[in-house]
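When the chains are written out, they are named A, B, C and D in that same order, and each has its own residue count from 1.
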Amino acid sequence: MGMIGGGKDAFIGAVHRMSANLDGLIELSAGSFSSNPEKSLESGRALFLPSNRIYATYQEMLEKESQLPDSERIDFVSIVTPNYMHFDPAMMALNYGFHVVLDKPITLNSDQAWQLHEKVNQSGLLFCLTHTYSGYPMVKQARYMVANGELGKIRKIYVEYPQGWLSGVVENTGNKQADWRMDPSRSGKAGCMGDIGTHAAHLAEYISGLKISHICAQLNKVGEGRILDDDGAILLQFDQGASGILIASQVAAGEENALTIRVYGEKGGLEWKQMEPNSLIIKWLDKPLEILRTGGAGLSEVAKLHTRTPAGHPEGYLEAFANLYRNFALAIMNRMGTEKANPLLDYPGTEEGLRGMNFIDKVVESSDSQTKWISMQSKYSV
Amino acid sequence: MGMIGGGKDAFIGAVHRMSANLDGLIELSAGSFSSNPEKSLESGRALFLPSNRIYATYQEMLEKESQLPDSERIDFVSIVTPNYMHFDPAMMALNYGFHVVLDKPITLNSDQAWQLHEKVNQSGLLFCLTHTYSGYPMVKQARYMVANGELGKIRKIYVEYPQGWLSGVVENTGNKQADWRMDPSRSGKAGCMGDIGTHAAHLAEYISGLKISHICAQLNKVGEGRILDDDGAILLQFDQGASGILIASQVAAGEENALTIRVYGEKGGLEWKQMEPNSLIIKWLDKPLEILRTGGAGLSEVAKLHTRTPAGHPEGYLEAFANLYRNFALAIMNRMGTEKANPLLDYPGTEEGLRGMNFIDKVVESSDSQTKWISMQSKYSV
Amino acid sequence: MGMIGGGKDAFIGAVHRMSANLDGLIELSAGSFSSNPEKSLESGRALFLPSNRIYATYQEMLEKESQLPDSERIDFVSIVTPNYMHFDPAMMALNYGFHVVLDKPITLNSDQAWQLHEKVNQSGLLFCLTHTYSGYPMVKQARYMVANGELGKIRKIYVEYPQGWLSGVVENTGNKQADWRMDPSRSGKAGCMGDIGTHAAHLAEYISGLKISHICAQLNKVGEGRILDDDGAILLQFDQGASGILIASQVAAGEENALTIRVYGEKGGLEWKQMEPNSLIIKWLDKPLEILRTGGAGLSEVAKLHTRTPAGHPEGYLEAFANLYRNFALAIMNRMGTEKANPLLDYPGTEEGLRGMNFIDKVVESSDSQTKWISMQSKYSV
Amino acid sequence: MGMIGGGKDAFIGAVHRMSANLDGLIELSAGSFSSNPEKSLESGRALFLPSNRIYATYQEMLEKESQLPDSERIDFVSIVTPNYMHFDPAMMALNYGFHVVLDKPITLNSDQAWQLHEKVNQSGLLFCLTHTYSGYPMVKQARYMVANGELGKIRKIYVEYPQGWLSGVVENTGNKQADWRMDPSRSGKAGCMGDIGTHAAHLAEYISGLKISHICAQLNKVGEGRILDDDGAILLQFDQGASGILIASQVAAGEENALTIRVYGEKGGLEWKQMEPNSLIIKWLDKPLEILRTGGAGLSEVAKLHTRTPAGHPEGYLEAFANLYRNFALAIMNRMGTEKANPLLDYPGTEEGLRGMNFIDKVVESSDSQTKWISMQSKYSV
């Protein structure tokens, strides 16, 4: 693996590396960790990389790595830069024949996403978009149970993602994470809805197997002087008649990272909370509530395949993230002929990326509109 | 106390009686428990009432009781009939000079509510609308903390009230509670939103001290053949710039009575769940989360005044309900000169009733409209 | 009902009255609320009793009430005085032919308990010992499931009752509840173990249907200068081979009233927490955990018979307490011929009182002994 | 790192590898994964090791690795075999100059532990005993708060470790984990108490900073035909006057891995549950309960140093385990001169190993004895 971005002090770069490390399938072999060559070098050394695999620019890395023999060169790149720096390195990596892991949202705008989607399809290369939360074993279990009809026809979906870390206008006081996220030129046309609303929307569609068809959104700019939304709520209509709501906020003071989803069908409902990820609560209409537990009794094959430790040995965010990397690595190994394919070992790709960009477009459009319901239909809604 | 409605097998009548009994301040002395005189008699006897205080009709009760000497006759009536039977007995009771306790929503429509409101104001009689949930001590505490500025300026309010008991079309299979609630002629123009949405709206305004100013609602009729909503969600705007959402559903299969509210200000957020009512969670932006507990340390005077048992001896729904009755009884005793007034011992009245009817009107209007935002302003929005 | 003790400011007297009031079956008609006649009068008036039913002494009350006609006089007395004031009024009440409700522990010592037990048996009068916690519907459910073999043979019982209110030596600073409880002449030979350890022991035996056969106890006097235990732990052996532990503490700083029990059999375990009393957690060996809920699906008849409100309308301590009073009142009405007997409507009696006194004796003996295991066998272990 | 044991299908070997991988500081470079050379080879290949670093025996590995140049050879060995295979490879590794990571309990008996302890001290080599649970950041925080006097003088410690996986006699039906653990020749003189009781005892001492001084134990052999304990409970006395209990069970049917500790001082208590490891509950005597959260506000430096992700991104068992490996790797790097020492980055060593073996000896002695209290004093109680 070669990494683009993620130098020292970058939050998400370290998360990607730990997650890639966990299963011993992936080795960090090269990197261009910063647009500042010195910082890149320093970061690479701290990661025990040999100097000749630490590059001053991603262009240099892609070019030089592509010239190394197959047995030495990196197999894929992981791009962990801010949104505005997603498209160019991803496209270049694909052009050089590297598979790509990319953080969400996939690009700065829908048009870039579309180009990337087409490029991936044409090239036949592998592409993983890190919608981390769908990597949790109990999310897999939830999806399985819905697909299996255990809840009956789905009627209601409530998904919410409250955080509180942007309650103060911390981008004005040196918080780098906030700084680029609240800047449209680096973040895109949405703030909170792009950053975490897309996670919530993906999770709702992933678990329910339904697609959001219409929305009615209210975005807010609560922090003084903000250009992008830091908060919002959306009425949702899904195909096949379900409805629901989506909440995303980064000004819910005191909340950590409280992504939560509830899905109700005719026979019962399920509830999953990212902050207590090893429990999946099933509330039945006519029998006692059940709690399914990571590693515990009564789980589907797909949940088991994404679990590393026995019940009661809690798994967390890094393990969920590692499931994406593990599945992506196995897909590459399958391409190489060293692993059998297993459709249960899934990971999000450019379709999910496109849907996320379309979600951003439509939510902003809806919030700005006096029309109540906005259709999600567009050329990007694959 | 004389009771109108609430014969054997009626859910809410028994709840009113137990709540009225609890503190030994109120005695059930008379009743007209059913429109069926025999059933009324049977019910009254089961409640140990003497035969001469069990009446065949509420008209008879009000007339005869009003002729009894002051020391014998009832001081107030408690009306626990379905919505369409609220207005007439309430108005007649006021005309006979009785104070009134009435279940919510206050009447079948806003016009009736307005007449009742005016009548109460003109008569100077006391009136209590049983929005039970604002009787909980931790709700009082939450309201106190917001008013006291402890969370800073309020920004977000999420209130939700999911139930699952109407997941099946049980009104077709003999469920009497469902039967009248899903019938517009007996329930009014809203189903779920009138029955429990009004509780949620009242709770949000009660705790936050803010008023809902604009709404954008989606009501659903999920159960096949239903004329009234059994589910809905609303985007909310409050005065003073806060925003939020309100969810109410009676088809969230597997949910019991999960009224929950979260209120976030600049400095932190609070969370209260009716199903775990003795904990009030305070999530601070920059210090550890705290949990305030009924009867525990750090509580305001108003919370203490609504608590009966020491910390760790859980109080519940009946105690919250009893707080309304206790406060109402003390207000009557104050009128009689036997108790001092205490503004902390509050209970909802016709203003809250009017606001509830206006909420129902506007929510139905919004759901039927293609206009995104509907103002809550009306002649009823006192 | 006539009350002995429980004047103004007494905690448990008010609890008894509210619990007795709740269901409208019992009326407080007389009382001797304090050894101080003026205070008794003042208390009785605050409770709306007529002056001629407020007595200066319990002796006077029992004598005079016994001379009233059947239709006027009290049916039973409720004695809510400190332990040292249990025996004399209870015995006198029985002698005058009144049924008796008595707070636990039953008496100051085992010998008194034995006399009371014999007297009750000889007189044929009804007697209720208020082990409140066995009145909770989910405790009834737990007992039912164990008896029904749903957990298989019982192997382990962990019962614990931590409180923190005696962490400081508050009996020296005016806390009346602490004052008599830490005084052997008024409390008996145990402090914490008598006050709350007996509740824990009763709950363990009530749910499991097993009897404690041997114990190994360590009592502690943590608060400086205390003569009685304020803390302790006990290794337990039950008949039929189960084992476990019992913890009781009043110096577990920060704990409220955290009575909790876990019972494990061959097929699974159950867990019940008094502070969240409406959930009964069932942990199965080989299938997902279930949570049974007061008023919810899948409950036994006995649980339903002790429930007043639908699922999600939380019941609490007063409702559990009221179940004892309700069952006792129905037993009296059965004696009068106005109610059918129902063995599911149980309440603790003198046998449980004797077992509690024997528990106190043996725990103190064990703690003082160097012998490891002490048998619970004695003349009092009925 | 070279690994001894932990071939395919071994639970704890994979845990060690993932934990060692996580931070990118440690590389698995060699291994002898099984006493069966073919299985060792197969396991090593599955882990992408070159054939010349996969060894048929640990003796071969230690010998050959010791002959490699410094820059190539392993720095330390990780021994993840059953208890009876701890001493010989550990001693041999030390003799060859390798640092050692060893699973707990440290050896099969106290005498071996003592020899290892002396050897480590004499050699100056580094040694880490994997008491995983003290690697959790909230455990570090708990230890810090106690040491800092925030709870006042410690009075009570309740530690419990219930599991249910040995409820059935699964060693008779092919469960390999159960098979060796229930065999004294491979497990040692205790079963459950050696396997998980030692974890509980270590955690109690680690957090409280106190030492267990006296015990009174009851061990049980619940599963039919078992020679070793599968369950037990212990009354504890600590130095400096605290007391408590320790529960460990592997027949608590339905329990997963529910290690929980509560520590109470004069001013308040703390509670930590391994299955919800990111919350540390602080119950104050006279102010509201607080919950400290991994990555959240109000934490000590030592907690922060053992945390990888922001608050609300749950960390789990592997991260706790990885903290031991990370700290051990940094200690080795400090020895090499490439890292500064930081006393906050601790890990358990042979002293904790010796204390664990002494705990096993004394618990078995106490359970077999009719004497109530057994002193923990011995030549091994360092």
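Of note:
Following the convention adopted for this analysis, a contact is a pair of C-beta atoms (placed from the backbone, for glycine too) under 8 Å apart; a residue touches a chain by one contact, two chains touch by 3 or more.
What you see is a predicted model; the values in this text were computed from it and never measured.
Note: the chain lying farthest from chain D is B, by mean C-alpha position. Between B-C and A-C, more C-beta contact pairs join the chains of B-C.
Put simply, the C-alpha centre of chain B and that of chain C have 35 angstrom between them. Annotation: 55 Å between the Cα-based centres of chain A and chain C.
Annotation for chain C: residues 255, 282, 284, 289, 293, 296 touch two or more other chains. Across the interface of their complex, chain A is touched by residues 151-152, 155-156, 158, 160, 162, 164, 167-168, 216, 218, 220, 222, 231, 233, 235, 237, 243-245, 247, 249, 251-255, 262, 264-269, 282-285, 289, 369-373 of chain B.
Those residues of chain D that touch chain A in the complex are listed here as 11, 14-15, 17-18, 21-25, 28, 47-48, 163, 255-258, 274-278, 293, 295-296, 308-319.
In the complex of the two chains, the chain B residues touching chain D come out as 282, 284, 286-293, 296-298.
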